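In this document, chain identifiers A, B and C correspond to the written order of the chains, with residue numbering beginning at 1 in each.
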Amino acid sequence: MTSTIFFQQLINAISLGSLYGLVAIGYTMVYGILRLINFAHGDLLMFAAYVAIYMGALTVFPWYLSFPAAILATGILGILLDRAAYRPLRDAPRISLLISAIGASFLMQNLALVIIGGVPKAFPRPEVFDRVITLFDVRIQVLAIYTPIITIILLLGLLFIVYRTKVGKAMRAASKDFETTRLMGINVNAVIAMTFFLGSTLAAAGGLMWAMRFPQVNPFMGVFPGLKAFIAAVVGGIGNIVGAVIGGFILGLGEILIVAFVPQLAQYRDAFAFVILILVLLFRPTGIMGEPITDKS
Amino acid sequence: MPAPFLSPERNMPMFLKIEKLVMQFGGLTAVDSFSLELQPGELVGLIGPNGAGKTTVFNMVTGTYKPSAGKIHWLDQDITGLPVHQITAKGLARTFQNVRLFAEMTVLENVMVSMHITLQASFWKAMLGLPHYRKEERRIRDEALEYLRELGLAHLADEKASSLAYGQQRRLEIARALATKPRLLLLDEPAAGMNPLETKDLAQLVREIRDKYGLTVLLIEHDMKFVMGLCERIKVLDHGITIAEGTPSEIQSNPHVIKAYLGEPKHA
Amino acid sequence: MTRDRVKLVLNILALLLLFSILYFFDRYGSPYHVRILNNMGIFITLAVSYNLVNGYCGVLHLGPNAFIAIGAYTSSLLTMSPLEKQMNFIIEPLMWPLSVLQAPFSLSLICGGVAAALFAFLISFPVFRVRGDYLAIVTLGFGEVVRVLCNASQSVTNGPLGLKGLTPHTNLWWSWGIAVLTLILVVRLVNSSYGRAMKAIRDNEPAAMAMGVNPFRHLLMAFLISAFFCGVGGGLLAHLITTISPTLFTFFLTFNLLIIVVVGGLGSTTGAVLGAILFAWGGEALRVVESPMNLGFMTLPGIPGMRMVLFSVILMLVIIFMRRGIMGHREFSWDWILDKLQRKEAELKKP
């Protein structure tokens, strides 16, 4: 492998990894508070992508208006998701919650299939992201460079909210213990809604960048990024925001570099993430940055 | 460690011997250097204010927690860190402070679960409904009923465990522990939530089952009247440290104990 | 007559009734009805064995599709003749012992079950190291890994092309015979001391351990038995539809089983049976919403995905508003009916 190709692959891997990381944050935040794998999280990516497509096609909005609108809409969908599928089950066994999440995920995918149809739609890539630049003799799409930068900016913004604001403090309190948080006079449901909103907007940002990277949007496009991002969250240590991003990078790098070095493994690519997951659970169940897994009772 | 030449224990089989157990959770030392020896047939109390580390001692002895340091010997065997179910099989049974019944199962079934370790027939015999299995099943059912009768719960055998009154649930916990056929019974606050009458009956019951089944009993309890009236020997923990040990009358007059409890008059 | 005698007679009567229904449809039923009945039988086998792990042990296992796939491929590769295999494997030949082995259908089903159970055994260690959501995601992962392997191992599974032209061995006798057998064995197991140990783990694992129950041993037992019957069910399925490929064994299949056991009532074998019957029947009945509808003056186009929308909505409604499903932890049994009757009688006798 020449060094140019390697460099190209490396950039590619970093940008994929940061996408996984961005989506993983939402999983990790929701898991931190509800101890729930929000199965429908991946489908928020699909929702955001479709909203952006239709906003662009049906209105005269340029991308810098339609993208934020899509992100906002997804954030609101996240809140609705919690309200409809998870909130009625706050006191139910966790297995019920997880089943509801799986149902919600299938519902979103198949609703999209019914409403929009299964034929993939092309995602119009705004020109700003479409340019190709040459860096050290390597031609690189700017999107691949923007993606990690945007991820880092969003991550810093989120960390600011979580660690420097009142809402963030309430979120951290709720992830430790509902009862105490409630006793402190905090509306736990509002905190959870906020968590879903933030996680979903990040998923939407991830979804838009995903759709620009693989510009074929279909109702099931969120399944694999979703699963892999969840695995990234586990690898990084579930409940830990920075860990989620690190886990995302590990997964993205691993996936692309393994295939780059050992092309025969290309067809096993989608299994790679699960192998990593199983190894992590076997040897370091708490992930890289995680605290011990405890049952919040 | 060489035993002293004329140690009186030399020829006695070691029953339960706990040596310098330590349990740390992160920075917190919940139990520090806890030692205890039990002789067969004893009835010993473990007391101390809330958070003293009493339940943690039980959790270490029964294998739920792996001690950070120290050793537990049981009948000349080192059982430190063995899995919970193996320790139970060796004859140590417990009840839980916060009742942990099998809520969806009947009272009888709750006790029958404990008899599962005594089952000889393998699972395929159960699946095929072979006579060997059916005989075992009948035996388990009859014996389980026997334990329920002992605890005065036989008339509730077919009720759902979660439908019992609180005091009955505590009794069922004891029946369930007895059904594992233990030699050492660990009771974690058996009288909690009981009224004075029930508590009195309970003391009587503990004595009875000890005599009938030849048990040794180690119990945690906040009800001082109960403990002082029932136990032959008492150990007092505070903040994980053993602060006193002795007969009930010694404990009652021990200045350290009085001081430890003064902060919490409601238990004194 | 004693209670046991009465129950024996009732059981025989029920089997005779089932036999005559099957006989009737076998002779006079339309292919459409026969297909639905076959699906019912197979879904009963799959759901009852899936429920053993999810309902009785209380762990959310999301990988039965892997077991079904393994059973389906194993059994199909065994019933195909060497010549059929040659014609199927055009890209890469089937690897050696498999290319010459051939077995009768019954043996192939058993081999399918054993292969699935073997796989379950291999993955059991990582799976049961964790609980709750982690266990769910790990089993889902193994399901996905198996699908990827089916796609990639050209010389064993024929990759994405799959296996075509299997002999349609599965008929009503096979599908329902296995269903009844599975039902009897699983019911006996869950009502035995082993089943009680499993339910104890479900209700309170720390307490079960403190009562001497070894959780790993019993979870493994349930997992292996469940995998075995899922594998057998996979073999039946393969020889019913006669064409299999990796796309058949995605998470979607697991999702269907999950709907069945949740709607029927997690932890109720009767519920699993009811759920399977409803699903096989409802799934067909709802096909109308996906096919074009002719209203005489105009034709409404079919809406693909509509069935799944309905199914997901049903799943969510049940889990939110009727968490216990149709049956809850209750079971239909002769004892239950006889008790009721006796009570009625006693009431009537009272003055």
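Going forward, a contact is a pair of C-beta atoms (placed from the backbone, for glycine too) under 8 Å apart; a residue touches a chain by one contact, two chains touch by 3 or more.
Please read these numbers as outputs of a predicted model, since none were measured by experiment.
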Chain contact graph, described as a line, ring, star, complete graph or other shape: line
Innermost chain by mean C-alpha position: C
Chain separated most widely from chain B, comparing mean CA positions: A
Where chain A and chain B are represented by their mean Cα positions, the distance between them in whole Å: 48
Averaged-CA centre spacing for the pair chain C and chain B, given as whole angstrom: 43
Cα-centroid distance, chain A relative to chain C, in whole angstrom: 33
Parts of chain A lying in touch with chain C, wherever the complex brings them together: 31, 35-37, 85, 88-89, 92, 94-96, 98-100, 102-104, 106-107, 109-111, 113-114, 117-118, 219, 227, 230-231, 234, 267-268, 270-271, 273-275, 277-278, 281-282, 285, 293, 295
Residue ranges of chain C in contact with chain A within the complex: 58, 60, 126, 129-130, 132-134, 136-138, 140-142, 144-145, 148-149, 151-152, 255, 258, 262, 266, 303-306, 308-309, 311-313, 315-316, 319-321, 323
Chain C - residues contacting chain B, complex: 185, 188-189, 192-194, 196-197, 199-200, 202-204, 206-215, 221, 267, 329
Complex contact set, residues of chain B against chain C: 62, 64, 83-85, 88-89, 93-94, 96, 100-105, 109, 112-117, 119, 123, 126-129, 133, 136-137, 140, 176-177, 179-180
